[in-house]
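Each in structure tokens, the structures are laid out below.
Next come two complexes built around chain A: one with chain B, the other with chain C.
This part shows the complex of A and B:
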């Protein structure tokens, strides 16, 4: 049933030993695969066994699911785009996908555009309080924590603290705010992110509301998710108990705190862009856009960009081929095309070799449009992106007219 | 001084107007037939529907050196294709935000509903828009364009 909440843990000894927080996610994935709920599991694995970096892996052998257990914070794979590009949009394959909120939102947005078949996906949402950039994190661990990055076996972000655990079991804690002011810490878009619980997935698994570290807090959002939990309990893969009031309260408080912190970052980042005059904005953004080397990186990673034949390719005769920097038209058209559906995954800014703050601009515009059109990207698969839909005449007469009148 | 009280100085705005075939273009026709005077700043491009004017088209007009872009279509509920003008309206709202975020005044982009019988409204719109653009000065895109 929708809205159910469980505290769950695995019954498998091996999973319990290796996974974090009771290993409920790993067990659920294993159950889904063994009982043929899905044909494959798409999860994320550390690259070459190292924590800094990751690869999405498609697993068909239930024994190998355990390799993906444990959380990786220095990993921001582009799951939605991966499903669309390499797995035929899940058209021929039933897949259980582990996804952060932004991945889940991107999947929904692509499903809206008929690029992913949502019926074939089982979305196992993972609560997320932010991801880190691998190389910068290595430097941070060396300089701020004073330890060898390879000694770290676990990171954890809890409220405003970053905790790292070393091989010998010692824990080191630093304030996240201070690290972020120095340019370390979470990725920029993660700081601004206010969707920490993927309510658009089938279930969401996380640690908020968990008392000791032996169980996972699971919230169910769809009938599919509810069935999965029920059947896996019957098959003996996980055990659950009802969370008590204290657990629910802690979870709620942590969620509200996270949103507050995100709003603070949004204000901090956006007001600097908004309070400057038009002319200063122009100089700033045209200066940034003129650094563009037209690598098409942002287009290739953006989970919302899905056109087979992009308008910005040279053969479309809009942007002159071979011209660097390209006309400012180039980034502006891209942003105009995705701004109403931006899920704030931050991929564009991550890949940009010239470090243009693309995600900042796109997400800022997205927030403004979300306010005007009362539209949240990546939540409802039946809601059409506002700039692609005519909307009702009524709404246009009132809402849009007001926003046009200046 | 020339028509309609707009002072002539060196800057002559270039306004690209995307007029819908069924209403606004007919309106412009009527303005011409009725010999209503308006500033010669408007370059008209006839489109079948204001819904055809995508963000790419509007941005390209700016990039090609337009100081202002006017999108004119049928009144709400009168669209020849039912919902084209509704689409145009949402797009303009979105694009205005983008233009302002990167430092181009949103007033350079204008959306107007002009019926086939409203030649006078077209003339008035162009007159007002020209005045606005004159106040704003040449578009930053145009400065770049003229340098080339």
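This part shows the complex of A and C:
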């Protein structure tokens, strides 16, 4: 049933040994493959067993699912793009996908644009309070925690703390806010993110509300998700019990706290930018855009950008070719094209070779638009992006005027 | 749902971008044997998931229809497909019966260390000659002797990652925003903290406009005067690092005496830069805690390149800027294997591991390889081989675009008894070949490559080569076998070659394929398997025989070919961000080629006005060696009297105009300075 909640754990000894929080996600994925719910599982795996380098991996052999168990905080691969670009938008394959909230939202946005066949996906949402940048994290572990990054076997973000666990079992804890003020900690977009539970997925799996580390808290959002839980219990892959009131309350409180922290970061990151005069604002952003070397990285990695023949390519003659930096139209058009649908995944900023705060700008504009149009990207597959389908010009004008009047 | 249509085998294969020498990591997405995309490799320490326009599109040229897939043999003036057996035996027959000195091998910084090691072993063991060279002749043949004379080794002394730790960065004549964007990023990060950036360049490049705090827009070819004037300022202000000079250098008094004989007014007159600005730059550099010098072709590609680089090295020693992260004098490398194509010894003066060609080195390698009669005299350089060798073997080079004086190069290549070219595409040079052999690219073979900061990285075979194309080392192995040396080339894999490399190249001793799984590889020197590698050179002592840095007195000399009334413009050339070298790869990448489709010449607006030249108009440039037609691009970002062209476009190729070269030891062509005139035909 939609809305139901479970505390779940695996029945498989091997999975229990290797996975975290009772290994429910790994067991659900294994069930989905073995019982032919899906043709493949798309998850994330550490490269050479090292936690700082991770890639998406497409699995068809159920025995291999276990290799993806455990959380990897330094992993931020572009899952939605993977499905669109390399799996033909799931047109011909049924796939179970483990996805963070931004992955799930990007998938929904692409489904709206007919780039992904949502019916063929089983979205196993993973609660997320942020991912880390691999190299910066290695440096942080060395300089702030004073340990060899290769000795770390686990990271954990809980409320305002970052905990690392070493090979020998030792745990080390630091205040996340203080690390982040030094430029360490989570990716900038993650700090601002207020969608920690992927409600747009079929189920969400996380640790909030869990009393010890032997189980996963699962919330169900769709009939498909509900069936999955029910069938995998029947088949003996997982066991569940009902969370008690304390669990539910804890989960709610943690969720609200996370949102508060995100809002605080939004205020920190946006207030100055919004306060400064129009001229200063233009100078600031044009100064940033001036650094652009036209690598097309932000366009290539954006899960929302999907045009096959992009207006910004030099042969379209809109932006003069061969110039570095390109005309300011280049970044401006890109941002205008995606800002109504930005899911704050941060991929554009990750890959920008000149470190232009692209995700900051796009997300800031998106928050403004969200207020005007009452539109949240990435949530409802039937909600049409406002700048894409404004209806008549008159309707658009009314919407904008009304919102400005408020 | 139509099941089974979607291919299920998708793999992210980590590799290194094939373009410049930074060595950025990317994931290639390989779907059922075909590369279908590039994804960011965020763990890679060099680029952290970021790439420039070339890196983001790194694989696209692979699927050009123009890839070579079968050996081609020229018969009656046209190329016919032939078997490997036939092509290689034709070559072997010819090579068996020639004098060692009439053979030459030109190789490339696009090849792996393993390819290059096998190629030099072939040239020395089988052909018994040191006539082997590559385009390091055209980029850093001045760097190696210059830095050996001052600090004992011609390598980047800091790690590129540590550039962001510098608090002053002196960018000498290189347009890093376009040519080394990932190094520009390090400079930006340093600048966001505290660093001041000084740039010397006759052009106001995008690097100057966006990164420079101080721009010294000097007259081309006057670098030594400028650097000497900076050093004079340092001494006049007592800003030298006395302790460093005392402990770690020699020859300071000679330098001081020479500098005291100079005067700043002369410097201002010759360089065209105000002496106040020179002084400001000198003080900024000298006062920094950690100052870092970056340079490339703008300094090195001069007949006086050795002097330019020695002067930079003097400046760094004078101010104690060596031996710490984010300091030093750092040559940037243009090729993916820009360090390795020196390390492996495929050059006329060094056996592998920079063992200078001599009786002693020849004996050493006779022992190592179990052969006799290895050559002990230095071989011919790139241009000498083009001129003098009857039989020339070229792997991965395109001298018809990249070598100076194209008209002469064509004549000389046309007159070869045998010209063999091993490449991935038909190029401007393959047209002149007798036999063309199809080679595998960097994603179609295993191996290692060594980047700008001595960073040895592993590349992995991700897909099969097209048709019958093969890795370069395999082609040479087979040829060696046919020539009776099968036993000496019994390599079954690139790993076996690497194992031999680490035996004989001391800098690589501690590096193994297994250790290279690590993102970012290992920086040499790495003497043992438990050694982490070396990010900063010269920490305790320099690489000179007695461990001391040696100041060199450098006097200004004019370029080989000065401007005069008939040829009144200084002509120089360089690279754009969207293209790479002779364009072989980038011009087959649609997105990059769409950005810039052809050549142009930058001319100062005032110069153009005087001649009545309009923007976008086709003009004729003439030098003493040839003429080209090219589109004029008017700009005020270039000094009056100077013309600049990108060299990626063979149809309007700067090297038709260039020509004069330095003498030994560098024999560097003076790419960055020759005299031209402009003609207008309407």
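Following the convention adopted for this analysis, the second predicted complex is superposed on the first by the 392 of 406 C-alpha atoms of A that agree within 3 Å, B and C clash if a C-alpha of one lies under 4 Å from a C-alpha of the other, contacts with A are read in each partner's own complex, and residues count from 1 in each chain.
Keep in mind that, in the parts below, a residue touches a chain if its C-beta (ideal position, glycine included) is under 8 Å from a C-beta of that chain, and two chains touch if they have at least 3 such contacts.
Computed from a predicted structure; not experimentally measured.
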item: Which superposed partner A:352 touches (first chain B, second chain C, both, neither); value: second
item: First, second, both or neither for A:279, with chain B first and chain C second; value: first
item: Partner chain(s) touched by A:48 [first = chain B, second = chain C, both, neither]; value: second
item: Which superposed partner A:291 touches (first chain B, second chain C, both, neither); value: second
item: Touching partner for A:76 - first (chain B), second (chain C), both, neither; value: second
item: Chain A positions touched by chain B in one structure and by chain C in the second; value: none
item: In the complex with chain C, residue positions of chain A that touch it; value: 39-40, 47-48, 50, 52-56, 58, 60, 74, 76-78, 85-88, 91-94, 120, 133-135, 290-291, 293-297, 300-301, 313-315, 321-322, 324-325, 350-355
item: Residue ranges of chain C touching chain A (in the complex, touch as defined); value: 1-6, 8, 10, 12, 14, 27, 29, 31, 36-37, 39-43, 45, 47-53, 55-56, 177-178, 181-182, 184-185, 188-189, 206, 210, 517, 519, 576-578, 591, 594-597
item: Complex interface listing, chain B residues touching chain A; value: 55-56, 59-60, 63, 76-77, 83, 86-87, 89-98, 100-107, 111, 140-141, 144
item: Residue numbers on chain A that touch chain B, as the complex places them; value: 273, 278-286, 289, 311, 318, 327-329, 332-333, 335-337, 339-340, 361, 364-365, 368-369, 372-373, 386-387, 389-391, 393, 396-397, 400, 403-404, 406
